[in-house]
Amino acid sequence: MFVLINLKAYPCDPVEIATIATDVSEATGVRIAIAPQATDIQSVAETGVETWAQHVSPVEHGSHTGSTLAEAVSRAGAVGTLLNHSENRLRLADIDAGLRAAERAGLETIVCANNPRQIAAAARLEPDSVAVEPPALIGTGTPVSKADPEIVTDSVEAASGVPVLCGAGISTGADLVAAEKLGAGGVLLASGVAKADDPRAALEALVEPL
Amino acid sequence: MFVLINLKAYPCDPVEIATIATDVSEATGVRIAIAPQATDIQSVAETGVETWAQHVSPVEHGSHTGSTLAEAVSRAGAVGTLLNHSENRLRLADIDAGLRAAERAGLETIVCANNPRQIAAAARLEPDSVAVEPPALIGTGTPVSKADPEIVTDSVEAASGVPVLCGAGISTGADLVAAEKLGAGGVLLASGVAKADDPRAALEALVEPL
Amino acid sequence: MFVLINLKAYPCDPVEIATIATDVSEATGVRIAIAPQATDIQSVAETGVETWAQHVSPVEHGSHTGSTLAEAVSRAGAVGTLLNHSENRLRLADIDAGLRAAERAGLETIVCANNPRQIAAAARLEPDSVAVEPPALIGTGTPVSKADPEIVTDSVEAASGVPVLCGAGISTGADLVAAEKLGAGGVLLASGVAKADDPRAALEALVEPL
Amino acid sequence: MFVLINLKAYPCDPVEIATIATDVSEATGVRIAIAPQATDIQSVAETGVETWAQHVSPVEHGSHTGSTLAEAVSRAGAVGTLLNHSENRLRLADIDAGLRAAERAGLETIVCANNPRQIAAAARLEPDSVAVEPPALIGTGTPVSKADPEIVTDSVEAASGVPVLCGAGISTGADLVAAEKLGAGGVLLASGVAKADDPRAALEALVEPL
């Protein structure tokens, strides 16, 4: 199972969480990555943790003020990027162009989507993985694997071979195990770790059953 | 005069240009700042150069995947931000919210706009400065001070006291002097330095007449 | 006082409401206009009521599939258009271009905004009027004139001579009178009439105190 | 073959072109539809021609000022809608929601896309048809069937059973025949008819070889 912790724009210390993630990953052998703000990619990557971008722009080098260039993200130390997160929905043509930009920069890719039908579409754009996150469950603490397990199994089927992660409401080790049983190859987490009073304890408890 | 060099998503070495800018600024006393990709703010700021963001998102801390948080930009070492660059046009309500986000994070602000009427509007949103960049001149090498000097003087009048920078087509020291005579308090530059074969020579020639 | 009834995408009968508005306007002498869906402008205008568009695109004739062309809106019978409603926020440059498009087509214009600072900005773009609608009050039934009367008086001051309408939460005749006393030249209404069980009674009660 | 003529925001007379299309369709038996501005749907539909919308918003009835509601489009007389035209690119989630809105309103749907990979994705969202329009060819007079026939055949394969139309550069009867031979079930046209000096002659010449 791949555990990707999305720090969003939370008021956490990204380097502290990266250090914890590195420790827990080494101690348990579970693959854990951190997706911080673009400005924090370099300092997070310097901890040695697997580092991801939260987004890259669908552009090449050029006149694109305010963009997040895939090549710049890569140079700062990221090895992958999310695209089309439900808080940053993209146009179909821009998901395609963002994936091609990420490929050029050597970044692994996960395209997020709301439901199995959109997962089917996203998978056809040739990302490395897709992630299904029902918007209604994000931040609720109710995992999709419990609230609506068919969304996960339908997404796995719709993705026809592209690995599926699941997000929204994941916070406990039991949620991870449930997601794995439904066919997910990983999970996206955010507030469960980033906003935890004790992020180390939260992350250890999360991966303990794996 | 304030000289702000916007590196956009150009394939330049941001640290090299930042180092040059620091040298030239120290040698000449001209205020020079660099606006790199968000991922490069930290390494650019570590050179000691005045560092700006190209954009910040109109949000506070929270669930905003893929945003560029003003607080994160500031923590990485930036002291200011552009908003509403012509390559990244924002909704009126988001310029307002972006300015308030920048204020909370202690960032100086420049709001860009296309023409004197939009400059008048932008100035009422209480940025520290505004910048007029006629889209038709961006990247042309023909400075607005020569192509249409009334755009600068009309913008200065429209801004009613808010300092005005001018951009688009600025590349020589004569362009800077002309902009200053028209009432501009600074200039935005991009390709003239960032894409120059010899960025140091380009920047020295630029500020030489000041 | 100008009363503009925005039908949004409500499941009402636009021709029925237009007919009522015509009757009430003729009986009372109050200026009342209806802003239906673009598809309904022609049939609403044919009732004789003053008809407005809810939005026009910032474009001229050309290759703009899916746009709402100001000239087409005018030809269908509209005499004015809203721009930048809080449910359809526009980029600063597009409010400017939308206003110029509306001018070319001979449409009267109202630019909406959230707060007095944005009203000041919007007024500088030279619309015929501006409208202040605090997003938090839309659809609440609590009028801005009661919840926060300073937003109206501050907007009137910020607009420096451009007439100010106020919206959000207006539903009774007392709200209209209060808005007028605060300096508003009109009101934007929506659900108070469009979703009323008896739209005729609702509209008559609304304008009765004028 | 299905011939859909997109009037975009061209300065043509939509009712005149609709009348011509009705005549030519009746004389030749070729299915011809017109997609006018939303404001013109009613008057175009009244000519008896098959009428389409250029776009519908991804919303239901409600507070959506400035939207183009699928139900309103249908009530005005349209029987179908384009979505995601290259001049009006939509977010993946909004194509999905727009398709569901169109279904609720009983509208037939065509989702446009740039290339075979995006066609594959669009087809998985369950539209009635997809249309491939390489952006570089739009408005050129060089048909995709000649410039790059593999784009059409690859799109037909990628759509896995969903009918494919092709657009961009179609203007002659030979272009239609070529598109049909490549597997297309129809064509999207725009300037070739809407901007023709003699739209009747243009349309007759177009469908003559069928």
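Residue numbering begins at 1 within each chain, and the chains themselves are lettered A, B, C and D in the order written.
Rule of thumb we're sticking to: a residue touches a chain if its C-beta (ideal position, glycine included) is under 8 Å from a C-beta of that chain, and two chains touch if they have at least 3 such contacts.
Quick caveat, the model's predicted, so the values are computed rather than measured.
Asker: Any idea what the CA-fit rotation angle from chain A to chain B is, to the nearest 5 degrees?
Answerer: Rounded to 5 degrees, the superposing rotation is 180 degrees.
Asker: Indicate the whole-number Å distance between the mean C-alpha point of chain C and the mean C-alpha point of chain D.
Answerer: Taking the mean C-alpha position of each chain, the two centres sit 33 Å apart.
Asker: Taking each chain's centre as its mean C-alpha position, how far apart are chain B and chain C in Å?
Answerer: 37
Asker: Report the inter-centroid distance (CA atoms only) between chain A and chain C in whole Å.
Answerer: 43
Asker: Residues of chain C that contact two or more other chains, please.
Answerer: 86
Asker: What topology does the chain contact graph adopt: line, ring, star, complete, or other?
Answerer: ring
Asker: Name the touching chain pairs, please: which are they?
Answerer: Pairs of chains that touch one another: A-B, A-D, B-C, C-D.
Asker: In the complex of these two chains, what residues of chain B are touching chain A?
Answerer: Residue positions touching the partner: 6, 8-11, 37-43, 54-55, 57, 59-69, 71-73, 75-76, 82, 85-88, 138-139, 190-191.
Asker: Contact residues on chain D for chain A in the complex?
Answerer: It comes out as residues 84, 86, 89-96, 113-115, 117-118, 120-122, 124-126, 158.
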